[in-house]
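Shared chain: chain A. Partners: chain B in the first complex, chain C in the second.
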Partner chain A sequence: MALLALAAALPLVIVGAFALGSVRLPLGGIVDVLASRLGLVAARPLDPTTETILWVVRVPRVLLAAMVGGGLAVVGAVLQAVFRNPIADSGLLGVSSGAALGAVLAVKLGLATTIFFALPLAAFAGAMAAVALVYALAHSLGRATLHGLLLTGLTISALASAVTSMLLVATEEYRVKVVLFWLAGGLDGRSWPHVQAAVLLILPAAALLAVFARPLDVLSLGDEEAASLGVRVHLTRLGLLALASLITGTATAIAGSVPFVGLIAPHALRPLVGSLARYLLPASFLGGAILVVIADLAARTLNEQMDLPLGSLTALVGAPYFLVALRGSERRA
Partner chain B sequence: MRMNRRRGLLLAAGVLLASRLSAAETPPARIASLNLGADEILVELVGTDRLVMVTTFADDPEMSNIVGRVPPGIPRVTRAKMERLVELRPDLVVVSEFTEADFLHLLTTSKMKYHRVQMPSLDAVEAAITELGKAVGAEAAAGALAEEHRRRLSDLDRRLAGARRPRVLYWMEPYTAGRATVMHDILERAGAKNLAAELGITGFAPLPAERAFAADPDWIVVRKEGSARTALLAHPMLSRLAAVRDGRIVEVPGRYLSTLTHHTASTAETIARALHPDRFAP
Partner chain C sequence: MSVIETRDLVVARGGKTVLRGVTFAVAPGDGIALVGPNAAGKSTLLRALAGLLPAEAGEVRLKGEVLPRWERGALARAVALVSSEDDSSGAFTVAERVALGRYPHRGPFLPLTAADDAAVERALAHTGIEPLGGRRLETLSAGERQLAALARGLAQEPEVLLLDEPSAHLDVGHQLQLFRVLDEARARGVAVIAVVHDLQRAAAWAGRMVLLADGAVVGEGAPADVLAAAAAADAFGVRIHAHAVPGLPHPLYSFSEPTR
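Showing the complex of A and B:
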């Protein structure tokens, strides 16, 4: 029931986000543009300003918010099950820190200001390099334990953060601002090619994770139980983490840091849909998408002179929510 | 101030793509400026009638040389909001060399023309003014502004010819400006030796206080606003420098350090007058 409600709510929230923004657009114009672009009615003369704001700027941004939010929430749910840790999220395994390092390098070398898509590509490369390093190091002495993976992830994350800081202090202030805006998270300036990247990487990876729902549930019982039920523990975990890293790397490369989504959505939805992955993963995707679409709407409408940083908004909402949830669970315990 | 002028091949390619205008086009009637330096130059070149957007920094007296010159009715942005920009239907958007390529792509997709102002060195200021003048159809005004800037710097060269050059440290704790920065060029034109360059520093980089102390600068240049002077006087080590003890600190107004424009000549003049008062005797 909750899943159906979320599935019904997401399109409504998305359409609402199409309609609202820092510039008020006529409802008739919005309908005309969307209908025309979707081929539902014969194209008729459209107001070019409305068409550009809606189709070039707003629609790709809203769709990106949905995919980034959905992807990060699914990753949170998966990592919490894999690590059997309720506060595991997409920041593990060095993905975010690696992405930040890649982004800083792109800015420092001047690539971000001269080559289209260089910043997200560099961030994605940094994220994937960090994850590959974590896996390689964790597996260098045989099959890695969860504990070993976590600690290696934290170490690589700290290492990448240290290099990022060293690069930042030696970077001139105007370039540092570009990095800071990216680190604070946001979707301004993103366009359809970014949507294409998200469609190609986030959606299939999230769908594949959903396919792994049963093995994920079994894994969450413990390695020995999972093995006794016929799950190839090491291989399954590796596949799940690889897919989670792919989603996180892509989402971070596109939107910068958008924290707490992977914690809030699964936590809020578990009491409603239960902990079984076949329900929790799609529910988390829908919930995370709704959360980030609304957060991005706030980011682009609350301040007239600039977009507020999306990552800061999700943290402002997420941190208090998480503290309240934590206190609640402690009281129940 | 944009200090680093290291440029690679990719940036050179960017320069070639910088101006998306052809000379044959009609001058833009609606210009949106997305950086303070462009605000300042445009106000001189075209007034404010053709401006449809400027930065919020234009109203900040600690940063701007055009406070009070842009009517309040013209929208301000701290960072470009794409929807607002499209709504204003500018014929030309003026961006800086630090504007992200992904944002420029979105401008192009939204059918907006843009001009990128690039000033990698002091010598490039006049060319950048001239290029912006061409882009907005104000060639004569740009020529005059560039010529005035050139004349002021030439006047400095003439006045300071043969003067002894003190060793000067530009200090934005903990940063300094080494070789290949605009501040390096400014210090040289102001009749100084850039101490950071002597120390082998290239670009805008942190300088440990110990190295600054050991280098013993003759003069120190700081930003006037804020607490740079007070911080120097209170610094456990730098306060012992002869330059600090004797008050050989040049305080440059922030509005001369925030942008690289025709006002940059004022930066060099301010420093030169402090270092070489005898060369500016009435």
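Showing the complex of A and C:
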């Protein structure tokens, strides 16, 4: 039921986000432009302003918000199951700090201003390099236990952050601003190539995670029980974490840091759809998508002079929500 | 004809040899209490029987075939391990957790069938936790969670049921219930091997007792005989006193520290 409601709500929210903004677009105009772009015959001649604002600016931005939000929420739900901890998030594996380091390197070396897409590519490379390093180190310490992964992830994160700070200090001021904007998270100026990247990477990875819902459930019972039920624990975990890292790396490369989505969406939805991954993962995708589409709408409409940073908005809303939720669960326990 | 047996089984854990040549055999319907002092290798033996720890030397045979030759899923359909530690986050409901016991039968992708649902319901009924089916694990007591873990093992419908300290968190009423459930499983032909710390409880329940000390079997047979032998007293470093009580089928035991 809740899943159906979410599935119905997402298109409504998306269309609403198409219409709202610094310039309000009429619903009829939106339908015309979408219809003509999708190869259907338009009933009326298109209004060029509406077409430009909608197709060049808003549609890619809103679609990105939905995919980034949905992807991060699914990753949150998966990591919480794998680590058997309701406050596990994508920051754990060093993805975010690795992405930040990659982005800063790209800016520092001047690539970001000369080569299109260099910053997201470098961020993505940084994220993947950090995760690979975490895996490799955790494995070299013995079998990659949960503990080993967690501690290595934290260590690599701290290390990457330290290097990022040192690089930032040594970077010219005007370049620092580029990084800061990216770190604060946002979808300002993102366009169709970004959408293509998200469609190619985030959507298939999220779908694959949903396909592996039942092994994920078994894995969340603990390594020993999962193994005794016939799950290849280490291989399954490696696969799930690799997919989660791919989504996080892509989302972070596209939108910078968008914190708390992976915590809030699964946490809010568990009471409605339960904890079985079969229901929780699709629900989290839809919920996370709705959350970030709305947050991005707020980011571009609350202040008329300039966009607010999306990542700061999700944190401003997410942190208090999470504190309240935490108090509630402490009281129940 | 044994369903599972070990021969000269040597198993290491964390680079240290824990089992040093264990040989014993278990027939369908057997109820075996695995006893021994701490660090004797009881839990290690259970995990080796479940195929979770490899044999360094010797072998474990399940239905005549050595464990490494068993396909993972088939092994999980034949052998279930229920540990006293519940590592799950507790967000699942009891029914959801028990249904995961059907994983070896359905695999990662196939939906559960009516037969699976029936097995889950039977497991809930046998353990007497049907009323808790919709409750989340984190809202249950340790004892109730333990019964849920046992129900998961029963839902697996194994031929060999391995239990590590199944009564650790249970009050006396639930302990009696637990061992009755195990006896019912034995009556269906399931071989039950349980690590039991409480020697009194082990002696009252088990058809056979296997005493491990320092990674080797030092006593095996009827509980009264095993506990009467000098090996038992030596293994635990205590004196064991058996008291016959008129009307009781088995002696009561008391223990004292050895006199110096």
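Annotations for the structure displayed:
The rule is simple: the second predicted complex is superposed on the first by the 328 of 333 C-alpha atoms of A that agree within 3 Å, B and C clash if a C-alpha of one lies under 4 Å from a C-alpha of the other, contacts with A are read in each partner's own complex, and residues count from 1 in each chain.
Going forward, a contact is a pair of C-beta atoms (placed from the backbone, for glycine too) under 8 Å apart; a residue touches a chain by one contact, two chains touch by 3 or more.
Values in this document were obtained by computation on a predicted structure and should not be read as measured data.
Of the two partner chains, neither chain B nor chain C is touched by A:Ala160. With both structures placed on the common chain, the touch criterion links A:Val62 to neither chain B nor chain C. In the superposition on chain A, A:Leu111 makes contact with chain B only, not with chain C. With both structures placed on the common chain, the touch criterion links A:Leu101 to neither chain B nor chain C. Here chain B and chain C are compared by how many residues of chain A each touches, and B touches more. When the two complexes are overlaid on their common chain A, residue A:Arg270 makes contact with chain C while staying clear of chain B. Judged by the touch definition given at the top, the superposed model places A:Ile202 against neither chain B nor chain C. Using the contact criterion defined above for the overlaid structures, shared-chain residue A:Val169 touches chain B, although it does not reach chain C. Looking at the shared chain after the overlay, A:Ile53 reaches chain B, while chain C stays out of its contact range. Shared contact residues of chain A with chain B and chain C: none.
Residue ranges of chain B in contact with chain A, taken from their complex: 2-4, 7-8, 10-11, 13-14, 56, 76-84, 86-87, 89, 96-106, 109-111, 203-206. Residues of chain A that touch chain C in their complex: 80-81, 84-86, 211-212, 214-215, 217-218, 220-225, 227-232, 270, 274-276, 333.
Chain A makes touch with chain B in their complex at residues 21-23, 48-49, 52-53, 56-58, 109-120, 169-170, 172-175, 177-178, 181, 188-194, 300, 304-307.
Touching chain A in their complex are the following residues of chain C: 47, 50, 52, 72-73, 75-77, 79-81, 83, 85-89, 91-93, 96-97, 100-101, 103-104, 108-109, 136, 138, 152, 156.
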